[in-house]
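As structure tokens, the structure follows; a few thoughts come after it.
By letter and in written order, the chains are A, B, C, D and E; residue numbering begins at 1 in each of them.
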Amino acid sequence: MSQTPPVLQVEDLRTHFFTRAGVARAVDGVSFSLGRGEVMGLVGESGSGKTVTGFSLLGLVDPPGRIVGGSIRLGGEELIGRSERDWQALRGTRIAMIFQDPMMTLNPVLRIDTQMIEAIRAHAPVSEADARERARAALARVGIPSPDERLAAYPHQFSGGMRQRVAIAIALLNEPDVIVADEPTTALDVTIQAQILYEVRKLCAETGMAMIWITHDLAVVGGLADKVAVMYAGRIVEEGPVDAVLDGPLHPYTHGLVGSVPSQNRRGQKLTQIPGMAPSLLSLPPGCSFAPRCARADGACTAMPDLVAAGGDRAMRCHHPHQPPGETAVRATGEVAGETGRARA
Amino acid sequence: MTGEQPLLRLEGVSKRFTKHLDAAEKLVNLVGGRRREEVVHAVDDVSLDVREGEVVGLVGESGCGKSTLGRVVAGVHQPSDGKVIWRGKNVAGLSGAARRDALLKIQMIFQDPMSSLNPRMRVADIIGEAPRVHGLVPAAEIPAYVDEMLQRVGLDPAYKTRYPHQFSGGQRQRIGIARALAVKPDFLVCDESIAALDVSIQAQVLNLFMDLRTDLGLTYLFISHDLGVVEHLSDRVVIMYLGRVVESAPTEALFSGPNHPYARALLDEVPRIDRRKREFQPVKGEIPSPLSPPSGCHFHPRCPHATARCREEVPRLREIAPGWTSACHLNDAGA
Amino acid sequence: MSVFILRRLMQSALVMVAMAAIVFFGMHLVGDPVDMFVSPDMDQADIEQVVRALGLDRPILEQFWAFVTSALQGDLGQSFVFGQPALGLILERMPATLELAFIALLMAIVFGIPLGLYAGLKPDSPVSRTIMAGSILGFSLPTFWVGIMLIMVFAVMLGWLPSTGRGETVDVLGVPVSFLTLDGLRHLILPAFNLALLKISLVIRLTRAGTREVMLQDYIKFARAKGLGRGRIVGVHVMKNILIPVVTVLGLEFGSLIAFSVVTETIFAWPGMGKLLIESIQQLDRPVIVAYLMMIVFLFVVINLVVDVLYSILDPRVRLGDRGA
Amino acid sequence: MTTPNTQPGATPPGGAALAAAMPAVPPVESPLRRFLTDFSASWLALLAALMLAVIILIALFAPWISPQDPYDLAVVSIFDARLPPGSTSMEGTTFWLGTDGAGRDLLSAIFYGLRISLSVGVMSGILAIIVGMSVGLAAAYAGGRTETLIMRVVDLQLSLPAVLIALILLAILGKGVDKIIIALVIAQWAYYARTVRASALVERRREYVEAAACLGLGHARIVFRHILPNCVAPLIVVGTVQTAHAIALEATLSFLGVGLPLTEPSLGLLISNGFEYMLSGKYWIAVFPGVALLLTIVSINIVGDQLRDVLNPRLQK
Amino acid sequence: SDLRIGVASEATSIDPHFHNLGPNNQVASQIFDRLINQGDRQQLQPGLAVSWKPIDNTTWEFKLREGVTFHDGSPFTADDVLCTFARAPEVPNSPASFSTYIKGKTFKKVDDFTVHVTTDEPYPTMANDLSVIPVISDEVGCGATTADFNDGKAAMGTGPFKFVEYVPGDRIVLAANEDYWGGRPEWDKVTIKPIKAGPSRVAALLAGDVDMISGVPTTDIGTLKETKGIVLSQGVSNRVIYLHVDQFREDSPFVKANGGGDIKNPLLDQKVRLAISKAISRELIRDRVMEGLSIPAGQLLPDGFFGVSDKLKPEAYDPEGAKALLAEAGVPDGFELTIHGPNDRYINDAKIVEGIAQMLTRVGIKTKVETMPRSVYFKRASTGGEGGLPEFSLILVGWGAGSGEASSPLRSLIATYDKEKGMGAANRGRHSDAKVDELVEQALKTVDDGKRAALLAEATERAMANLAIIPIHYQVNTWASREGIVYTPRSDEYTLAHYARSQ
């Protein structure tokens, strides 16, 4: 996968919010790249900057926020510094987004067909009938039964799961290269979430779209993604293939995160807990922002660690990382890695 | 189980929410209209025993009646049918102080740490109000008592003059727990109590629950849709679907092999960090409207094994192994 | 929907009865209409004759009963002052009031929505701040004061527009309207604007608040993520959403326009039913006051009903049968 | 391993492992302080608040700061009627804003008028709030048929414009401060009832109410100690706007001749009297009270506007 | 040419007999004639009758004008007169009919142009009575309903103008009667617009929307005088503004001792009433309240009207004298009093009340003011008190003598309240003086004009000496028109198109 040139390459992306209370560095030096058909999970606590990263990729950051630096290259083209008109042409065609709350992402007073057809006709001079046909096909593709009737319905006539499918169908309409999915299943029921995950995976495999799946649920990432990036306070602190990261987290934060998932632990036992809470982005400590909550932190942590490669496509940002679970264990099966993880906890 | 009196017993508890017809609708009916009262069977004939010190996990999809059942247990709702029996006494039959005591012994911990605390009250009042009103603690000792409660849930008593909005989500949840503990309950109903918390905070609160259980010998009804959490915490798991209990089993047994097709679907298809990249075979369809639930077994439209009988006859909950009950016609076929 | 309408009608009937009773009995507590009418030269015998003729000598309950029975047959009594059926008097003057209110409504929409939209889309620009400051002013100025000022400036000082009265009318479907003639239109502008001012401010504020709120919604962001242009987003996604509250509120405000026309009509000598009401109050013409109220309540019932139906048409989420419980 | 304690004091005493896990608490900003900073974000609002304060002070202290007691017929003389601003009376006092048709010093009349207008607005506001609040709370908390019934009445009342209601009521009741207050209360209570019910309904569904029920607290306690304080913010917003409305309404009614008696000249009545002088060149008789009324209503409305923005959590930044 | 008039109050009907009310009579006067028309000072002039005289003690003979036609061309005869007087008292739903002027009279047609009217007793005011009743046409009018008049079907008279259109609330349009017996009027078309609010009316004139307005507010007179292109016409009215004083109760509800205690009603004492009269500066009221537009009054009708006394002068302003009188009457420190008045009835009514209160306060009578709309005021003033008696102690009222004779106010305001006899109907102070009653009754039976006038004057003098009422002033009415139009002011305050002339 790393052989083919990446569809999306993000480097040192920085998006800041200039609020009355100060500058919130919501995204502060995020870098990653995404290959064709690749699914990347972006995990992190609430407020760590996941959504803002997603918005930045589509140029949708509203004042008081602003992309202050870095580079986003989509298929080799630099997006930062483009005009709003250029962005508009890109959105929905080359890069699309799905939001968390399916109840809120569709305009409640417009019919589904209106909302779908406009998305097609905004980008190509397609006839109404053709656009409708494409919309119908898109609905069918995401598993909505009797799409013809559904086109004429209003969003409130759909359940949450159906709405999210419609949103996905809209994102797919113009077959973008990259889809940013911002916690699209968090608000849904477990069984519905399973259905959507199933369909999304199928679609990615079929169309070769790359996807960034934003979530705070490690289990979903484990089930869906090829690789995972863990964000903390606006920065990516660890990145790598899913199995490797979940089985052998290097960064203490990732380590704590994985350890706090109950099913990783033996029943009834105390969970690993990360003390404290996420820092305010307005007053980040100098150096490693996780240091105040980190059991391993020492004086060195007052200096900002760089994102360094850790072998096996992995990278992390820590002065005192956990050891990978033995040279041999890195490639070990999930079972074994799970055991070691638990033993440590 | 026999002989030993359960701490809490639900006998055929139902809770219906009815929207009555108004005069205009009745009039329309008189002239041949067909307006019906809308009845939601939020909880439908649920029987359940909870023994002292036990942690019972209650899972199910959204709208299946988990919270309603929790509220009935906590005494916030009166059951439409059936009995809630607390330490052998029907709560509905109690009155005065006895009733109040029974009510106080069962406390609830809520989902949303923000909305479950009155934003206009200081922490000290939130926690101290009930003990003071009920005279559980002499008025002079309330401040010390509040401090004690705060410490118990791991908060600095110095914060007690603050308002809820000045705390983080996890801290607020602790305040909610302290408020419940302040009336010295025996039984906690936790309704999605960690769902709204951040990943790293969830573990803190879960650990607190486990500590309280060992320290105070509390009994829990733990409502959650996160199977991982339920598995981790509970001794027994009850699975609900559209107001009915479909399966109830000891945790280990259930997670090793659920009996009801719905339970199986739920357990299988939910992503878990230790089972990655499995091929999903999700249950089809969505949870039906509780206003017009399917006939017979509520699950039959989504069930891969549904038969004609499932469409007509409501399956009864029957014991398939000691302490393990399930409501599925397939069990009869096998038996 | 039919249930909804039925429910409304039942409630309205109840209100009308209650209203009639309250006003009927209330009106009998104040003053003595006969004192208002009789000419000074009349002696007591003549006066008593009038009292008898108007039926005012009978016990109040009997009078009420007579009123109710004839009201059920569509007769709301005879005006003391005009000696004509009160309802007829009101209906005769209704077109003038409705016309005024309609034009005012139109002005509110034509001025209010674009300004409000602008202020909502650019909440921090100086123009928006000016619009909002202006709207607060428009909101605060008492109608009667503005009316006087309008006459002062546009009729007296500048002489552009006539000061009072209704201009030339032409009959459309038997209803006299004045907006079709130049003279009529000229007479209409000032009072209509006077009446509209408050509503313009209201629409501006409503539109602005709606716009600001809608612009924050996820679906707007999603529409942008689809690559839609600003024109389409504002013109379709935002507009359709804000139109719902604006139209409903405006519909309901139509009623208040009719009510406030009492003030405007008095100042501009506009021959509508508001002026009739004020005069009837001053002259204690009880039957007209009671009939006016019944009429107004009825009108409002109709307006509310229309607004609700309109609302359900505009907003797909609303199903009328479900409301009210 | 040294744990850099960047926020000293954040770790509570009480050695449990749990306590050690305690995160720092955000710096305390008292609600009042936050409210004040938010409110003063707009200089216009600040100015309006200041103006309102001055107006209220004037109204409160009118008898002490007015050059003349405009009700004292022994002082007021029609000799001094309709003097332009800056004239001096027979007795030598200066009428800074001139005099009206009865020879009252306009400045004093405006001060007293403010007093009456404001007290009519505020009194009716307070009474309407009390009535509306009780009704709204009762509706929200009782639910069911009671609520339906109450809300129907409220809806119907709201569908009839306040001017009309007040107009008819005053036609029945007659003139007088008490009468107009009654009329305004009847015309406006429904706004408060609706507001309170709306927010009480929201609050009632909040989990803290359920928690209170779970803790065995009584209904009255839940309603008044828990629900009510949380409904106050929208009530304040509606209250300010409605007070401004009430003042304008009173002025309008006085203008229409059904409001206050001549001897208790509110600003509305002063304007209404001045209306007669509109074309006579004696502009001051109508214009100065008009400006006073305008300043009052505008400043209340601006303050109300800002309150709405500040108290509305949805628009909070 | 056309004339557009803005008037203060609206006619409620075109039916001339529906309501005996100023605005209605004003409109009727232009469409219909009376047997005897009233001139600008209400002097009697031949109308449809060319002459009238008593032929014996109880019979009056009216000779009718020949050759007069109604607007539809039909000739006017005695039949029209008879049917008119038959219909006038009988109009259904009439809130105030003309029956007062007709009852007790029998009409007889002698020939087509002679009518005899007989009464039981001598009836000197016959001509005055019949000068207020518009004559309608036998064919179209007498059988018609009020509605028929309003939509024009029956609105057919012999007057100077023909009915064209009536849009209630908005306008009445009239056209010249080409064949008017008194000569074709100057205006081809007359539009009468009711514009109630004074400033609006003035504004309409200034804006050129109307050519002439009636009831110019006193406040605007100064400006209008100075406005180029506007001319004013002013004339004294038959309306006297006066105070009624409670003279029948020992404890009057609105009179209190200083400090609020009860007190024997001092108003019963003529000296106190005189003190009040002396305390009031009628000149000041004229100058400061009425903008010069009133004439201080010393009796019931202005000079020049029938039956007024030439001995009576307005009471001079004398505060010291007033204080002395109060002291003499045993209330040297005055007392507390509330004066009541309407605020929407007479020119500047509320302000006058307030001015009076100021003046009374200055002589020691601490006076409060309460004004109210007439809809409330008159009922309370007449029957609002205990037992249906007048409620107030001191009130401001006005009286316009419709017939232009002193007998009208004497009979209604001064004569002892007596339901049976129909006397003192508006005597809200319940002043009672047998001597005055006797004089008035005698006058009402005296046909000889000279004797009657003397009797009326004597009654007036006696009543005024006793301060049965306290007259304040006579209103002066003002019309304003654009330059080129002059209006001859009428003392009955009517605005009639044929009294307006272009120059």
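What we mean here is this: a contact is a pair of C-beta atoms (placed from the backbone, for glycine too) under 8 Å apart; a residue touches a chain by one contact, two chains touch by 3 or more.
Composition by chain, UniProt nomenclature: A, B = ABC transporter ATP-binding protein; C, D = ABC transporter permease.
In this text the structure is predicted, and so the values were computed from the model without any measurement.
Following the contact convention of this document, C, D is the list of chains adjacent to both subunit B and subunit E. Here A-C and C-E are compared, and the pair linked by more C-beta contacts is C-E.
Centroid analysis (C-alpha atoms only) places A farthest from subunit E. One inter-chain figure worth recording: subunit A and subunit B are separated by 32 Å, centre to centre, where each centre is the mean of the chain's CA atoms. Inter-chain spacing, taken between the CA centroids of subunit A and subunit E, is 91 Å.
The centroid of the Cα atoms in subunit C and the matching centroid in subunit D are 25 Å apart. Each chain gets one centre point, the mean of its Cα atoms, and the points for subunit D and subunit E are 48 Å apart.
Residue positions 30, 148, 152, 156, 266, 281-282, 324-325 of subunit C are each in touch with at least two other chains.
In subunit D, the residues that touch at least two other chains are 21-23, 26, 148, 174, 257-258, 275, 278-279.
Shared interface positions of subunit A, i.e. residues touching 2 or more other chains, are given as 273, 275, 277.
Taken in their complex, subunit E has these residues touching subunit D: 197-199, 202-203, 206, 217, 219-220, 222-223, 284-285, 288-289, 343-344, 348, 350-351, 354-355, 357-358, 361-362, 366-373, 376.
By the touch rule above, subunit D contacts subunit E in their complex via residues 73-74, 76-79, 81-82, 101-103, 174-175, 257-258, 261-263, 275-282. On subunit D, the positions that touch subunit B within their shared complex are 11-14, 16, 18-19, 21-23, 25-26, 28-29, 31, 148, 206-208, 210-218, 221, 225-226, 229-230.
Residues of subunit B touching subunit C in their complex: 19-20, 22-25, 27-28, 33, 35. Listed in rising order, the residues of subunit C touching subunit B in the complex are 2-4, 6-7, 10, 324-325.
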